[in-house]
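Chain naming follows the written order as A, B, C and D, and within any one chain the residues start at number 1.
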Amino acid sequence: MDAGPVRTYLGVPLYRPKVAFFEFSSCEGCQLQLLNNESALLDFLALVEVVNFREAMKEKADDYEIAFVEGSITRSDEVERLKDIRSKAKILVALGSCACFGGVNQLKNRFSLDWVKKEVYGNSPVETEPVRPLEDVVKVDLKIFGCPVKKEEVERIVTNIAIGKAVVHPKYPICTECKANENICLFDLGEPCLGPITRGGCDSWCPNNRFGCWGCRGPAEDANVEQMKKIMKEYGFSEDTILDRLECFGGFSAFADALRKSGEKNRGTSA
Amino acid sequence: MSAERRIDLDNKLKFTDIISEAPQKQHRKSDLSTFEYTYKAEITNIHRLTEMENLYRIQIIDTEERRQFIFQPGQFLMLELPGIGEAPFSISSSPARHGDVELCIRKAGNLTNFLSRVGRGTHVGIRGPFGTSFPMEKMHGQNILLIAGGLGLAPLRAAISYAQDNRSRFNSVDIIYGAKDPSQLLFTYQYEMWRADDIGLSIIVDKPDLLWKGPVGLVTKILEQMFSERGETFFKSTYAIVCGPPVMFKFVCNMLNQKDIPMQKMFVSLERRMHCGMGKCCRCNVGSTYTCLNGPVFDYWTVMNLKEAI
Amino acid sequence: MIFRVFDKEELKRLFDIMVSGNKVVGPVEIARDRNGKPLFAFNEVDSFNDMKLDYTTTKIPAKRYFLPFKEDLATFNVDVDGWQKKVDYNINEPFIFFGLHACDINALNKLDKVLMGSVYPMPYYAAKRKNMFIVGIDCTPQPYCFCRSMGTDTALHGFDMFITDIGERYFVEILSATAYNFLKGIRTAEPIEADHIHYMKVASEKNKKFTAHVDTTDLTKILDMEFQSDVWKQWGEKCLACGSCSKVCPTCYCYGVEETVDINLRGAKKTKMLYSCNLIDFAQVAGGHNFRPERHVRLKYRYYHKHRGFVEAYEESLCVGCGRCGEACLANITVPEVIASVRGEEN
Amino acid sequence: MKVDCNINIHHLARVEGHGNIRIKIHDGELQEAKWEVVETPRFFEAILVGKKWDNAPWICGRICGICSIGHTLASIRAVENAFGITPTSQTQKLRLLLKHMETLQSHILHLYFLSAPDFLNAGSVFPLIKSHPDIVIKAAGIKKLANDMCDCIGGRRMHPTRPVVGGFTMLPDKKELIKFRERLQDVINGLLFTAELFRTFNIPDFVRETEFVSLKGDENYPFIGGGLISTDGVAKKEQEYKQMTNEYIVSQSTSKWSRLSRRSFAVGALARINNNFEFLHPAAREVSLSFGLKPLNHNPYMNNIAQLVECVHVVNESLGLIEELLDSEWTEPRQEVVPQKGTGVGAVEVPRGILYHCYEFDEAGHIVKCDCVIPTSQNHANIQHDLEELAVRYASEGMKDRNIGLLAEMLVRSYDPCISCSVH
C-alpha cells in the first residue's frame, strides 16, 4: 500500500508507521478482530501501513516499526522467532490475553508436560514447553488486553499512536463500566463475576450480556482480590468456581497459584 | 396528539434559544452558555525556555473578545486542543495585556507534549479566566516577597509583571527563586529587566553546574539570609506569595510564620487535576473545597485548615 | 400548594392522558433476583399496566435521565484549516417522569444546587432537568432506607405533582400549572377533612416502618475529629474501589473528561463520564502524583464530601438516604454502618 | 514434458494458522508432496481435564477465533447431551440463527478476503480496496451484517457470551430482529453480486475421487446435531463419531489425521452439499446448479462455490427463522442445569466441516476426559492426497513451478483450513 500524502493533525505532521502482525500459539482471533472491523478498516489502513499480516495477505516485508504480536510462547522455535521480531521492531505490542498473560493456553501449566503430551498425543513425540506470555521472553512496550481484544479499543490505541498520544489503560475495574451501562449486577442474579477486580476498558462486555466477567483483561490497578474471594464465598460460590475464574486467562495467575496451593483439593495433579 | 396535552413549557426555560445565541455572547459569569464556550485563540509565538518548558504567547482572535478577557495575577485558564485534551494553566503574563496572554508550559502528558509539537499559527481553545487571584491591591504600600520553586515561577510571573507595572505602589519587592539546576532556570532573559525595575532577585540552585557562580541549596537558605539581613519590622509589613511544590511551600510558609508574617498574608497556589474549572467535576476538590473556584490561590491559613491539601 | 383527591381508577386515566401526547418514563420490573425478589428500573413506558407503582428503590437512580453516565460535551470538526467546536446540550424533548419517590426528587433538588444554582450553571443538566415534568409518588420504607434520618423522606418541591395513596383515594399535591391542567382531564375533588386525616395517618404509619437510621447530630464535627481514625482503614480493607456506590448514588455527580480523535482524523470528541472518588486515579495529577493513593482515604473522602463538605457549602448533606450505595456494594459497606462506626457506636 | 519441480511455501498466507507446502518432483518421479502443519499445539483436551462443566464452552470456543461460535455450540451440545438436557425450540432456533450468521461471515471472509485475491491476481484484499472498491464494500457490508447479528444474538461476534449450557443468558430485542430482517433482504442482492463475480473467476478444473462426510439431514439442511453420513455409504450416530473420524497421528503434522472408507475423506461445504443437496433452500439450489454444482462433485476448488451456495441458503433460512421467532412469545431464555455423570457428544457443522466435541463427566460435573475433532484435521489427509495428484498431473502437463505452486496454494485455501484450530 502506498503511503499517500503526509497527513497532519492540527498542523502537526503525522507519522504513518509500518506495522506488522504476527501470531504465536493462539486462536488468531485478535487479528481477526481487526478484519472484523468492517466500518473503520479503510481509516485504519490510512493511519498505518500494514507490511505483514499473514492471515490476510501474501506480501511480506521485514521492514516494520510496530509489531503487533498475538499468542503465547509454547515452543523453542517460537522463542527464536519472537526474538527476531523484537530485534526488528521499534515498538512491540502484545495483542490480546494470550500475548499478555498466556491466555487460556496457560491452563496447561497446571499439569506436568509429560502428562499433557500423553493425554493428547499418546506416545507419539511432540514438542512443547510451559506456556509463557511474551514479556517473559522479550521486552514488551505496550499491551492490549482482552480475549478477544475489543476493536474499538484497538482503534483508539492505533489512533493514539498515530497522533502521538500516550496510551493509558483504565485503572478502574469493570464494575465502573458495568454500572454505567445500567446492567443488573450478576451477583444479584446469583452468578459469579470478576468485574470488581478486573481492569476496565472492555466496557463490561460480558456483564452487558448477563454473563459474569472471567477476568480476561487481568487485574485492575490495586485490585482487592482478597476481598473478592471473601465475597464470592459469601455468595455461595465454591472455591472451584473462584479458581476457575481466576486462573482462566492467566492475568491473575499469582492469585490463582496461591489459591491452588492453599486449597486442599489439588485438581491439577490428581489427573 | 392534541396540542393542549403536550407539556406546556410554561415557566420552564427554553434552551434552544440560549444555544443559538451562545457564539455571539460575550463571556459573562452565571450564563448557561459560558459552560463550554471557548474563545478561539492563536498561538502567535513559541519561546523555548528549557528542555521541558516552552513559553506560548496566545492571542484571542476576536479583538472584542480579546479586550474583554480580563484576568488577575494568579488566575488560570483552560487550554484546549481538540481531541488531545484540555488542561488548566496559570496565566504567566501581565494582566494589562488582557486576552493576549503568555503561558509557561511544562511537558507533562498528552496535551502538553502535543503542544510542544505544534507550530505558530495553531488555533487553540481557551476558557476562563478562572479561580482566585493574588490580592495585589491589598498589598499596596507593603513589601512583597515572591518565592518560587521550579515551575512555580510561571504563575508568579503575572504578579511580578503587575509589580513592574505598578512598582511605585509597593515598598520593596523581592523574588527568591530556586531551581534544581541552572539548565532549568526559567525566564533567564528577564532577570536584568526585573532588577532594572528595582525588584530584588536572588536565585539559588540545588545542583550547580561548572559555570554556576551563585548560591547553592534550597530557597530556605536565601530566606535565612534575608531574615538576618532585614529587621523584624520588615516582615511586619510584608505579604508573601509562594508558588512551588507542596513540600516547598510548606517549609517556606512555616518559616515565614515564625517571623510573624500572619498566615492570612501568605498566599500559595494549589494544583489538582481539573476538567471543568467551574466547580462541577469535583476532580480538584481538596476536602470539599474546589481548587478551581475557591482557589487555586489560597491564603496559607485556609490551606492549613484543608485536610489533604499538602 | 393546591391539594386534590381522586379515585383510584382515575390514575390510569391520568396516565393515559399524559402518555397520549408525551414520552413517559416510569418504574418497571426488569428481572427477579436470585431470591425471587423483583428488580426495578426507570424505563420508557407506553401503558399504565407496564408500570409497577408499588416498586421498591430502583437499582440505578433516575439520575441517568438528567445526568447521563456518558455524555459528549462537545464535538469538533477538524480539517487542514483548523477546527470548529460544536456544543450540543443534548436537550431531550420534554417528557414526563411518572412515579418518582421523595428521596429521588430530593436528590434532584440537591443536584440543582450544585449544577444550576452556582456561579456556573451546567446547561447539560439544566436542559434536561427543566424539561422534565415530574409526578412523585409515595413509597414504603425498605430495610435499607434511612431517608428519614437525612430529612429527605418527604419532598417539598422539585416536582409538578405528588401522589399519595391514602387508602380509598389518591391525595395529590400540585406544584405547577401544567400539572393542574393535566388534572382537569380527570375527575378530582377538593380534599375533605377525612382525607386529611387519612393522609396524616398514612404518613405516621410510614414513619414507623423505618428500621435503618443515621445519627447526624454534630456529624460534621465528628467527621473532622475522626479524620485520622482507624475505622476508615477497616472499611478501606473491605472496599473494592469499584466505584459502584457513586454510580448508583442519585446525588454523586463527579466526572472525568476524555478527549478522543476520530480514527479518520476529521473529528474529535470531548466526552464526560461520571467518575467516582473511590477510583484509584481520581486524585492523580500531572507528573503522576496521587493525592489519595489508598483505598481507605478515597472511601473516607466520599463520606467527607457527602456528609461534611456539602453541609458546609449548602447546609444540607449530599445524601438522601436511599440506601442504594449499600445495596450495590458487594462488600456490604453501608452508610448507616460506616457512620455508626465513625461515631464509635459499633461493637 | 516437464520432469522437475520444486516448490517450497513456508507459512502459507491467507489461511488461519501455520502450514507449509513442499513439492519435489525429480525426473518425472514424485519425490515429495507435503502438506505440513507446524502450528504449535495448545493441548485443549488436556487443559479441560478437572474443569467444571461451565468452563467447557467458554474455553473451547477459544480453540478458534473464526469459528468460535461453532465451537461454543458444539461444546454446549456435548454438555447438554451428557446431562440429558433438550434445548427448547426457541433456544434451538436462536442457536441455528447464530450459527447461520457465523457461517455467513466466515464464508464471506474466506471468499473475498482469502480466496478472491487469487482469482484477481492480488496478494491480499488490501490492493483490491483501490482496484475493486465495489467488491470490497459489498463484502464488508455482508460481513458486517452477519457480525452485527452475531453480536445481537450471541453477545459478541467472537467468543460469544450469551449462549450457555441450557440456553442463552439473554434474549435479543425483537425490535432488533425486525431491523435485521430488513438488512438480510439487502444481503440477498449482495450475494447475487457475489455469484456474478465468482462466475467470472476461472475455477481450476481438477477432479479427484473423494469420500465426503457430513451431518445427515432428515428434513432440513443439517447444521446442529443428528446422524453422520458419508458419500461412500457409511452412516453412524452422533455418539459414534469416533468410528467416522478414526484419528491417527502422523509425523509431518502436529494436527492429527483422519480416514474412513478410503485413505482420506473431505468435510466442509462441498461435503455438505454432496450429501444434502435436496435440503438446500430452492434459491440456493438454483445458484448451485447455475455453477454446475450438484452431487457428486469431486473438484476441491468447487468448495468455494459450495460456500457461496451455503451463504444463499443460510440467509434465506434465517429470514424464515426470524419470522418464526417474531411470531412466538419469548419464553425463559435458560433452563436449569443439573450435572450428572456421563459422556456427551456434540456434532456441529461449522463453516469448514463437521466438528465434534466429546466430554466425559464425573458426578459433580467435572470433566474427566475431553476430545475435540476439528474439521480441518479431518481434511488434512485429503489435502495431502490432492496435492500429490495435483503436482504430478500439472507437472506432467509441463506447467511452471510458479503456477503449480499457486494452484497448490489455491487448493489448500479452497479447503479454507483452520490450522491452529486443527492443532488446538
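Everything that follows uses one rule, which is that a contact is a pair of C-beta atoms (placed from the backbone, for glycine too) under 8 Å apart; a residue touches a chain by one contact, two chains touch by 3 or more.
For clarity, every value in this text was computed on a predicted model and none was experimentally measured.
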| item | value |
| --- | --- |
| Innermost chain, taking as reference the mean of every protein Cα atom displayed | A |
| Far-end chain from chain C, centres as C-alpha averages | D |
| Intercentroid distance (Cα basis), chain B paired with chain A, Å | 43 |
| CA centroid of chain C to CA centroid of chain D, Å | 51 |
| Distance from the mean Cα position of chain C to that of chain A, given in whole angstrom | 37 |
| Intercentroid distance (Cα basis), chain D paired with chain B, Å | 65 |
| Chain B residues counted as touching two or more neighbouring chains | 82-84, 109, 123 |
| Residues of chain C whose C-beta touches two or more other chains | 78, 82-83, 260-262 |
| Residues of chain A engaged with two or more neighbouring chains | 9-10, 163, 165 |
| All pairs of touching chains, each written as two labels joined by a dash | A-B, A-C, A-D, B-C |
| Contacting residues of chain B [partner chain C, same complex] | 1-2, 4-13, 15-16, 18-19, 22, 29-30, 32-38, 80, 82-87, 108-109, 112, 123, 125, 271-273, 275-276, 278-283, 285-289, 293, 307-308 |
| Residues on chain A engaged by chain D in the complex (per definition of touch) | 1, 23-33, 35-36, 38-39, 41-42, 45, 50, 53-60, 74-75, 78, 103-105, 107-108, 110-111, 115-117, 119-122, 124, 126, 128, 147-148, 205-206, 208-211, 214, 240-241, 244, 248, 267-268, 270-271 |
| Sites on chain D touched by chain A in the complex | 11, 13-17, 39-43, 45-47, 49-52, 54-55, 58-59, 62-66, 68, 109, 113-114, 117, 123-127, 129, 140-141, 143-144, 147, 155-159, 161-162, 164, 169-170, 249, 254, 366, 420-421 |
| Touching residues on chain A, where the partner in the complex is chain B | 9-12, 163-166 |
| Chain B contact footprint on chain C (complex, rising order) | 17-18, 20-22, 73-74, 76, 78, 82-83, 85, 87-89, 91, 94-96, 114-115, 118-124, 126-127, 130-131, 133, 176-178, 181, 185, 227, 253-257, 259-262, 267-270, 272, 275, 277, 282-287, 291-292, 297, 301, 304-305, 308-310, 312-313 |
